[in-house]
Amino acid sequence: MHRRAITAARAAELIPDGASVLFGGFMGVGTPMRIVDALVARGARGLTIIGNDTARPGIGVGRLIEAGCVAKAIVSHIGTNPVTQQKMMAGQLAVELVPQGTLAERIRAGGAGLGGVLTPTGLGTVVAEGKRVIEVQGRDFVLEEPITADVAILHAHEADYNGNLTYRLTATNFNPVIALAARSVIAEPEEIVPVGVIPPDHVRTPGILVDHLVERPR
Amino acid sequence: MHRRAITAARAAELIPDGASVLFGGFMGVGTPMRIVDALVARGARGLTIIGNDTARPGIGVGRLIEAGCVAKAIVSHIGTNPVTQQKMMAGQLAVELVPQGTLAERIRAGGAGLGGVLTPTGLGTVVAEGKRVIEVQGRDFVLEEPITADVAILHAHEADYNGNLTYRLTATNFNPVIALAARSVIAEPEEIVPVGVIPPDHVRTPGILVDHLVERPR
Amino acid sequence: MDAKEIIARRVALELRDRSLVNLGIGLPTLVARHVPPEINVAFQSENGIIGFGAPPPEGMEDPNLTDAGGGYISALPGAVSFDSAFSFALIRGGHLDMTVLGGLQVDARGRLANWMVPGKLVPGMGGAMDLVAGARRVVVAMQHAARGESKIVPELTLPPTSARPVTLVVTDLAVLAPTADGLVLRERAPGISVAQVLAATAAPLIVEGEVPEMQLAA
Amino acid sequence: MDAKEIIARRVALELRDRSLVNLGIGLPTLVARHVPPEINVAFQSENGIIGFGAPPPEGMEDPNLTDAGGGYISALPGAVSFDSAFSFALIRGGHLDMTVLGGLQVDARGRLANWMVPGKLVPGMGGAMDLVAGARRVVVAMQHAARGESKIVPELTLPPTSARPVTLVVTDLAVLAPTADGLVLRERAPGISVAQVLAATAAPLIVEGEVPEMQLAA
C-alpha cells in the first residue's frame, strides 16, 4: 500500500484551524519541525496541542506557541518556556498539566480502545480532583480518561513508502503512542526507503496507522 | 551489569513447585523449550501457568500439561490440545479462560503499576460476570484486574550479557509484556552476544528486567 | 462449488482497498485465496504480524514465523511484526478494518456465539472476543446449518462472544445483515430461492423487495 | 565544599549495586559524578533511555540523543532506548530502584512538593508525580532552606506531588527519614550540630540518641 510523500506545506493544509493535534517530542527532540514550521507559515490558529512539553522559545512546538497558533496546550511541563508562562498568565493560552506517565498512558488507552487508565499517580494531589478513585486489590487508583485527537504529527527516523516507521534513540518518546490515537496521522521521517528495506522486527509503527508521509526537503 | 548464563536445569530449580509462571509463546512458537523440558525433567508440580494457549500435545507448554506439572492454566485458548481438555474434564487441571487481548493487557497493567484494564471486550458475556462495569465518556467497559506472577519464562532471539533482549517475528508475542510482570524473569535466548553489540534501538526488553539468562546447549 | 468455496468467494467481495483485515482460523482463511486483483489488502495475524504470505517452500520455513494456527508463513515486502499487546491495541482500538470469523450461532439480534459448547467443547475464545468488540466490521463466515439444524437462531442458546452485533453474516445459502429491526436477507446463494433460505433458517428474516443473487469473487 | 556538593556526595552513598536509578534535572544530576567505584548503577532518563553517559566531544553530538533536560548525552555499551509509555511502565511498575528529585518543600509526613508555586511559577510536574508514585525509593535532594526559610515544614503549603511519603531527604544540613511518627533526624552535615539542624528546621524532628555525622562519597 504505497503512498506518495507530500510536502510539509501540504501537511499543514491538512491540519485545520481549531484541530486537536498530538505531537511527538521531548524538549523539541523528536518533534517534526518541517510540519511545525509549515503550520507557522500558513498562520494556523486555535490549535489544541497535546504532547510532553512546550520545549524552549524557538525550539520544537515552542515555535507554534510564539506564533500564536495555539489556543490550548495539554502537556506535562512548561517550565522551560517562559513564553508559554507569559501567554498563560495573560490569558492568551490555556494550559492543562498532566503527569508525564499518565499522559503517555491516556493517549495509549485512546489508541488501544481502552476506557481509561487506572493509575496511582496523582493520588492526593490536585491532579485527582474531580476524578473517580477506584479500589482494586486493596489499593486506590485514579481513573484517567483516554485521549484521542484529530491529527497526530510524528517525527520518525526511517520510513518506507508503506508508511512503516522506525525511531531513533531519545527522539522516540511520544511518537509511537500518538500514532495510535489520531484520526489522521502525518509522519515526518528523516529518510524514506523502498518498501521491503526495513526488517519487520525493526518497524515500531506499522504503515497501516500512517495516513501521510512528509517528503525530505529537495 | 553482566551476569553469567545458567543452565536450563538450574533455571528449573529456581521455579519452585506451586509457583505462578508467566510464559511466552503462541501455539508453542516463542516458548522457551529448554526451560520447559527442564521443568518436566525435574518433575515440577502444582504450577499455575499463564500465557496465550496450551499449544498441542508435545508442543510448547503442552509438555508441562502432559507431564502433570500444571495445576492451573490461565490462557485464552485450549482448543488445539485435547490433553488439556481431558485433564480439565477429569478435574486434574483448572482452566481459566481470558480473552487474548485482555490477557496481554492485564499482564501489561500488572507490570506497569496500573490498577487494571478498562476494556469493551467481554461485555455481555460470561467473561464480565461478577466484574465491575464502569462507564467512561458514555461507553461501558469491564474492569479487568492486573496480573503478576512469581516467575516469567521468556524465549528471546538475541541477548547480551546485560540481559538486553531482542525478539524475532511472531516468536515475540507475549514475551515482551511478561518481562515486566514477574518477580523473577528468566530468559532463554537463541544467541548471547557481548554487551554493546545490539543497537539501543533494537532492544525490546532492557536487561534491568531480566534476572537470569539460560545458556545455549553446549 | 462446495459450501465453503461459495462463502469464501462471497466474503472476498467485502474486502475494501487499502484495508487491514484479520481472517480467523479455518473457513475464513480461505478468503485470502480470492482477493480481487484490483484490491490491496494487508492481512494481520493476531499473533503479531501484518503483511504475511503463503507458506515458504518446504525446508525454507522459519520456526519463528507462523500464523495464529501455528502454521508456517512468509513475510511479504513491508511486513511488520509486533507483540501481543500491540496486536490487540490495533484490534481493540479500531485500527482493524475487518475481521472474518467462523461461527456456531448467530441470533436475530446479530449476536455471535463461536467459542464454546457448554458440557461438550471448550476451545476458548482466543482473540475472538477482542475481534468482535474492536474490529470496524465483523463478518461471520459459516455454513447455514450444522447437522441439519439452522445456525441462524432466534436467540443464542450458546454463550455469546460479544454483546455487539456483527456487521454481516455470509453462509452457503445467504447473506444476512443484522439491523435494529432484525436480520435482513440481503442476498441468496446461486440457485437458492428466498423460500429455501427461509425454510432453512430458524430465526425470522426480514425480506425487502427483490433479493438478488450473490456475486462471487473469482 | 558547597551545599550542592555535600548533598550530591551524600546521596551517592544511597546508590545500590546493580540498581536502576533516575536523577532529576538540576541538583540531582550532580549525583552521577560521585558513584562509588565498586557500585554498578544504570541510569534511566525518563525521556527514553537506560545506560547513557557524559556528553560526547563537541561536534560529535547526536540531536536524537539527549537527556530529559534536552542536553546531549552519549550511549554506553548495553544502552537501551524506548518510548515514553514504556519508560513510565518501568517507573510506575516498580522497576526503578531509586529516583533522586529536587524539592520545594517536604513536610512532617514526608510528603514532597516540587512542581508549582501558585500564582508565581507553574513549571508543571513533568515526570515527578509518576516517579514519586512508582519508584521503590524516593530520595529528595535539596537545600535545607531557601531565602532564609526552612523547606522542611510541619505541613505543606505548596501543592503536593504525591500522597506517598518519600524515602529519604538529604539536605546540606541533615539526612531526614520520614516515619509513621514523623521526621527522624538520621545524620547531620559535617561540622553541623543537632541544635543547628533543629534551629534551621520548621517541622518537628525526632532525635533518637547520638546523631552521627554524614559520610560523603568521594
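Which chain is which? They are A, B, C and D, in the order written, and residues in each are numbered from 1.
Heads up, the rule we're going with is that a residue touches a chain if its C-beta (ideal position, glycine included) is under 8 Å from a C-beta of that chain, and two chains touch if they have at least 3 such contacts.
Bear in mind the structure is a predicted one, so any value in this text is a computation, not a measurement.
Graph distance from subunit C to subunit D, where chains that touch are one step apart, equals 2. Note: centroid distance subunit A to subunit B, computed from Cα atoms, is 32 Å. With centres taken as mean Cα positions, subunit C sits 29 Å from subunit B.
Each chain gets one centre point, the mean of its Cα atoms, and the points for subunit B and subunit D are 35 Å apart.
Each of the following residues of subunit D touches two or more other chains: 49, 75, 81-82, 88, 91-92, 133-134. For subunit A, residues touching at least two other chains, in rising order: 105, 108, 112-114, 119-120, 167-169, 172, 200-201.
This structure has the following touching chain pairs: A-B, A-C, A-D, B-C, B-D.
Within the complex formed with subunit B, the residues of subunit A that make contact are 105, 109, 112-120, 132, 134, 136-137, 139, 141, 143, 145-146, 166-169, 172, 200-202. Note for the complex: subunit A touches subunit D at residues 26-30, 52-53, 55-56, 59, 75-80, 85, 88, 95, 97, 99-102, 104-105, 107-108, 119-127, 157, 167-177, 204. Residues 45-49, 62-70, 75, 81-85, 87-88, 91-92, 111, 121-130, 133-134, 159-164 of subunit C are the ones that touch subunit B when the two sit in their complex. Listed in rising order, the residues of subunit A touching subunit C in the complex are 1, 108, 111-114, 160, 162, 164, 180, 195-196, 200-201, 203, 206-209. Residues 18, 20, 40, 42, 49-51, 75, 77-82, 88-95, 133-134 of subunit C touch subunit A in their complex.
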